[in-house]
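After this come two complexes, each holding chain A, first together with chain B and then together with chain C.
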Partner chain A sequence: MKPPERRARPAAPRWLTRLVSPYYIAALAVIVVFVLWSAGAPTSYFALSLVFASIYITLALAWDFSSGLSGYLNFGLPFFFGLGAFTAGYFAWGGQRYVPFLLFVALGVGAVGGFLFSFPTLRLRGPYFSLLSLLLPLIAVDFVLAFWTQLHMPTEGYYDLPFLAVTPWGELIILSVANAVLLTVFLVLRNSHFGLILRGIRDDEDALSSQGIRTFPYKVLAFTIASGVAGFSGATYALTVTFAGLDTFEFTFILFPILIVILGGTGEIVGSVFAGYIVILLYQYLFQALSEVTLIFFTGAAILLVLFLPGGILRPIRSFVRFMRTPEAP
Partner chain B sequence: MAGILAPVVVYGTLFGLTYVLVALGFTLLFGISRVLNLAYGALYMVTAYLIYYLAVELGVNLLVAVVVAIAVAIVVGLAVFLLCVRFAPDPMRFLIVSLLVALLLQYLFEYYFYGETGLIIPGLLPSHEFLFYGVSVSPVYVVTAGVALALLVLLWGWVEWTDYGRTIRATAEDPETAALFGIRVRSVYLVVVAVSSALIALAAALIVPAQEVDPNMWIEPFVIAFVVAVIGGLGKFKWTLPAAFLLSFSQYFVQLEYPTSSSLSDIVAFAVAIGFIIVLPQGIGGIHREAA
Partner chain C sequence: MSLLEVAGDSRSFGGNRAVDDVSFEMSVEALAIVGPNGAGKTTLLNLVAGLLHPSRGSIRFRGREISRLPPWRVARLGMVKTYQVVRPFRSLTVEENLALFSRLRGGSALDGILDATGLTPYRHHLSGELPFGLLKRLELAKGLSTHPELLLLDEPIGGLSRGEAEGLLATLSALKARGVRMIIVEHRLSEILTVVDRVLALDRGRMIFHGSQSEFFRDPAVRTAYLGSDNA
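Take a look at the complex of A and B:
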């Protein structure tokens, strides 16, 4: 006798079933927990540290989505970060002090900058893109130093910018919402056809080309999106410290994203959220005790991580969970 | 006419040859091992700081300090290379590790010297300038240019005309086949890394007395080495000289046009590199091959 056929439930859309995983829910939960945790002390050092953690998480998400997935390393992240900060400063100094407008313009300028840079450099395979992107922040510093008077800057940067929110806790809420949205969007994109091609580029770009897939537009699109997000992140930073200066082009804004992405697992997207809070909170509290030496420790730790634990923390956890789930052999 | 042209020719040539010295090691290393070492500029910084520390703070004889600094730079270069080859063999991770090493050294020196900039080290050469066709020239650059030219010729001879040079070229062409013919590929790489590190360290020992020592100084030589490599065609060792001249003359012309602006030379270098990547991605060496 045939077993009665089970009626299939109406299927959820594919992007949704792929998106909702325990890791994704845990990441959202972590973001919410930190917001609630610091609610009691909206102006504390803890809340401020969380604000910086959130800014670095935004940067790390952008870097992981573009460079982590495609394997084309963008060392010019501080350039797009600073570009966003200076854009926000420029418009705020010009009289446009409406914060959402500043964030939006920074996003747009970052994306345009990313497009203009990646269009010529990504036509070529290999290291040209990475190396030229490394030069970008250096050029930007020289440019500002040479032309700051022509750019109508009050000094070598813009000061007295409007605050992102009244208290650090308010800023944390804005940044946490932004991170949750970005996490969702990047995960959906990662699991889509677009993300599949990006991962294919990392694994074997020649194989993709031989299938008749033009990889160039996908690469440019990924880096345009990531640069826009970096610009947005730069604007949030400038509005948090109310100053857009040359320090936004510093290499720490690529060092920490790289550290976070590798600790979270390259190309995993979700891992950046967990690793971001771990790295930046640890840094903020160690910095109180050890001051300048902390940066040396973290750079050294990053080197050791790339050399000895390139898979990060999430990958071992994943394989452990998979191991526990597999039924025992008879 | 000669009055305007003389400084252009003199400075363009001297700086061009200095650029050759800075870029030689980078191009040699990339041409043979296909490894892009972002810590290359950091070796320049290590040498400069060590000479400063030994000669100025400890009072060691200057020549001894220079020799020790160059030796340490070679050891650091080899250590980074060995660590990467052993634990991070893919090029992507090598790029990240070498960048992180450069940053680590920068932060270390910043911390140790309290972020002090503008440290001056005494030169091996007299620093008083002399007149040459109405242009005042520093002996530092003249000697550097001479050393650069000599080293270029020597290295070319070494790679093109000696037995070991043939081994090196075979390894560059195809490491696996070279290994089949009994070449110890690993040792060839190590020799090339050591030579490349020695070259940039020597460049530092010669040039830095005319500049100042500061924690960001690894960037400048890296920019020059990379842009010269792009203009000549990445890894095309023979084209270093014309590429360096092209860069130095274009920088000097821009400086003539905008003498007041402080630091345009990096922007010019970047623009030239982007221009070459759009129009001639294979560099000057690429035209030659197409014509042949």
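Take a look at the complex of A and C:
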């Protein structure tokens, strides 16, 4: 008797086959390992350092997705970060202390703010856009200083906000899940036609335009998404330190994400996870020994990194794998 | 109705009139725009592609006025320009370079384009790592991937060796035989004339000739522009 024919297994969707790479799995594994590692001492300095590393990883993922892929350098990330923090503070002081609501509304306000900023400014080409974005956090600080009483703030910011979670370990779990989801979403988008166009914009926007692609809506959408994520990240920060103040507009909230993206590889997305833990943990522990000098050390490290490893830590590995896999052309 | 009608187009840069009152209609499959250096060939092609707007005159594509449209809209109508200095998306593979445009105008079969341009063996290579000859082919393939009705080629064989140029010209001839219409700006006159049906010659921004190849070499204005007044 003839054996029954085996039904062919349906092929996995393309986005899934592109997403599930060894790099992606390794990044998820690193996130899980750090969560489990800190489980033994859920309120330790290590757990708290991982919380801050996770917040910066969220910011780095957002920056890499928009600026890293498109080449439009947005130095205004702290503005959207602070906007999210102040939004969470505003609603918490208004009586809405339900944490998921605060995170969601911060994400929405960040996205709306990103859209309102990028719609007029992304008509400008790269350097002009970057210069304008640089002004945003400065304007925000002046705005808060001038109008904090009208904004019903108890001081130049909002204090006594609800905790993101009861312990740093709980906060780490929330942030790690968020980063895993964001990593997945951004990688799917990077590998999609949308991501392809963003990478094309970085390489040669004029050539893209002259062949029929209107780049403007893609840029605006990318920056709106990234700003929303930055707003979300700002809210997680405010709810971690239970204070939304002017420090959320500080330059460190763009310096570290950029440093993380450079180390992870610009436009790689997944590299930000590895680099985020390296940079922030190193900073947290060096800071105990070197205090304020640490920032000078990091700035020097950034210069050396750009000079000697411009593609980040993942690019050489990717190039080697590609070299080994690519068939010899005639 | 002609596919393309250019009527009285002029374009100045400061005091320099790069294109001066040029008019022609495109109804054949392949037209060459030729002329000495600085004749205004690339400027004219950029005007047609929407990369520049004329100071005066009109451009109609399939009867529609396009002289004020941005380049992406001109391209979506079916007229796409490739560049003299190759402009690949260097961080993307050859296949991704074409996939960028594959959703426009109903899309084109990427496999067919890769085959037609001889790029199939290189489809997974990063375009930034390709040699110049293949980048010229990629430039052509990118243009084809938008499924254009009219392809505007700016010096497609410029900088290529004789052998590479012959290969690319054979590809252009094959594309023409398949119904791809094109305007080709080129310096290498004798080689490009093997592909085109008609010739338009420019000199210092003005059109000095528009006609068949056989008439081209007999035309006194062309001979003067190319050989000088003593030898004309």
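Please note the rule applied: the second predicted complex is superposed on the first by the 309 of 330 C-alpha atoms of A that agree within 3 Å, B and C clash if a C-alpha of one lies under 4 Å from a C-alpha of the other, contacts with A are read in each partner's own complex, and residues count from 1 in each chain.
Rule of thumb we're sticking to: contacts are C-beta pairs under 8 Å (C-beta built on N, C-alpha and C of every residue); 3 or more make two chains touch, one makes a residue touch a chain.
Small disclaimer: the values here were computed from a predicted structure and weren't measured.
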On chain A, which partner's contacts cover more residues, chain B's or chain C's? B
Just chain B (first), just chain C (second), both, or neither: which does A:V166 touch? neither
Counting only touches as set out at the top, which of chain B and chain C does A:L295 meet: first, second, both, neither? first
Partner chain(s) touched by A:L307 [first = chain B, second = chain C, both, neither]: first
For A:A12, decide between first (touching chain B), second (touching chain C), both and neither. neither
For A:L196, is the partner it touches chain B (first), chain C (second), both, or none of the two (neither)? second
Could you look at A:A207 and tell me whether it touches chain B, chain C, both or neither (first, second, both, neither)? second
After lining up the shared chain so the two structures overlap, which partner does A:V20 touch, if you call chain B first and chain C second: first, second, both or neither? neither
Counting only touches as set out at the top, which of chain B and chain C does A:L116 meet: first, second, both, neither? neither
Show which residues of chain A lie in contact with chain C when the two form their complex. 193, 196-197, 199-200, 202-204, 206-215, 267, 322, 326-327, 329-330
Taking the touch rule as given, give the residues of chain A at its contact with chain B in the complex, in rising order. 71, 73, 75, 120-121, 123-124, 127-128, 130-132, 134-135, 138-139, 142-143, 145-147, 251, 255, 258, 262, 292-293, 295-296, 299-300, 302-303, 306-308, 310
For the chain B and chain A complex, residues of the former touching the latter: 36, 38, 83-84, 87-88, 91-93, 95-97, 99-101, 103-104, 107-108, 110-111, 219, 223, 226, 230, 234, 261-264, 266-267, 270, 273-274, 277-278, 281
Which chain C residues qualify as touching chain A in the complex? 49-51, 70-73, 75-76, 80-81, 83, 87-92, 96, 99-101, 103-105, 121-122, 124-126, 142-143, 146
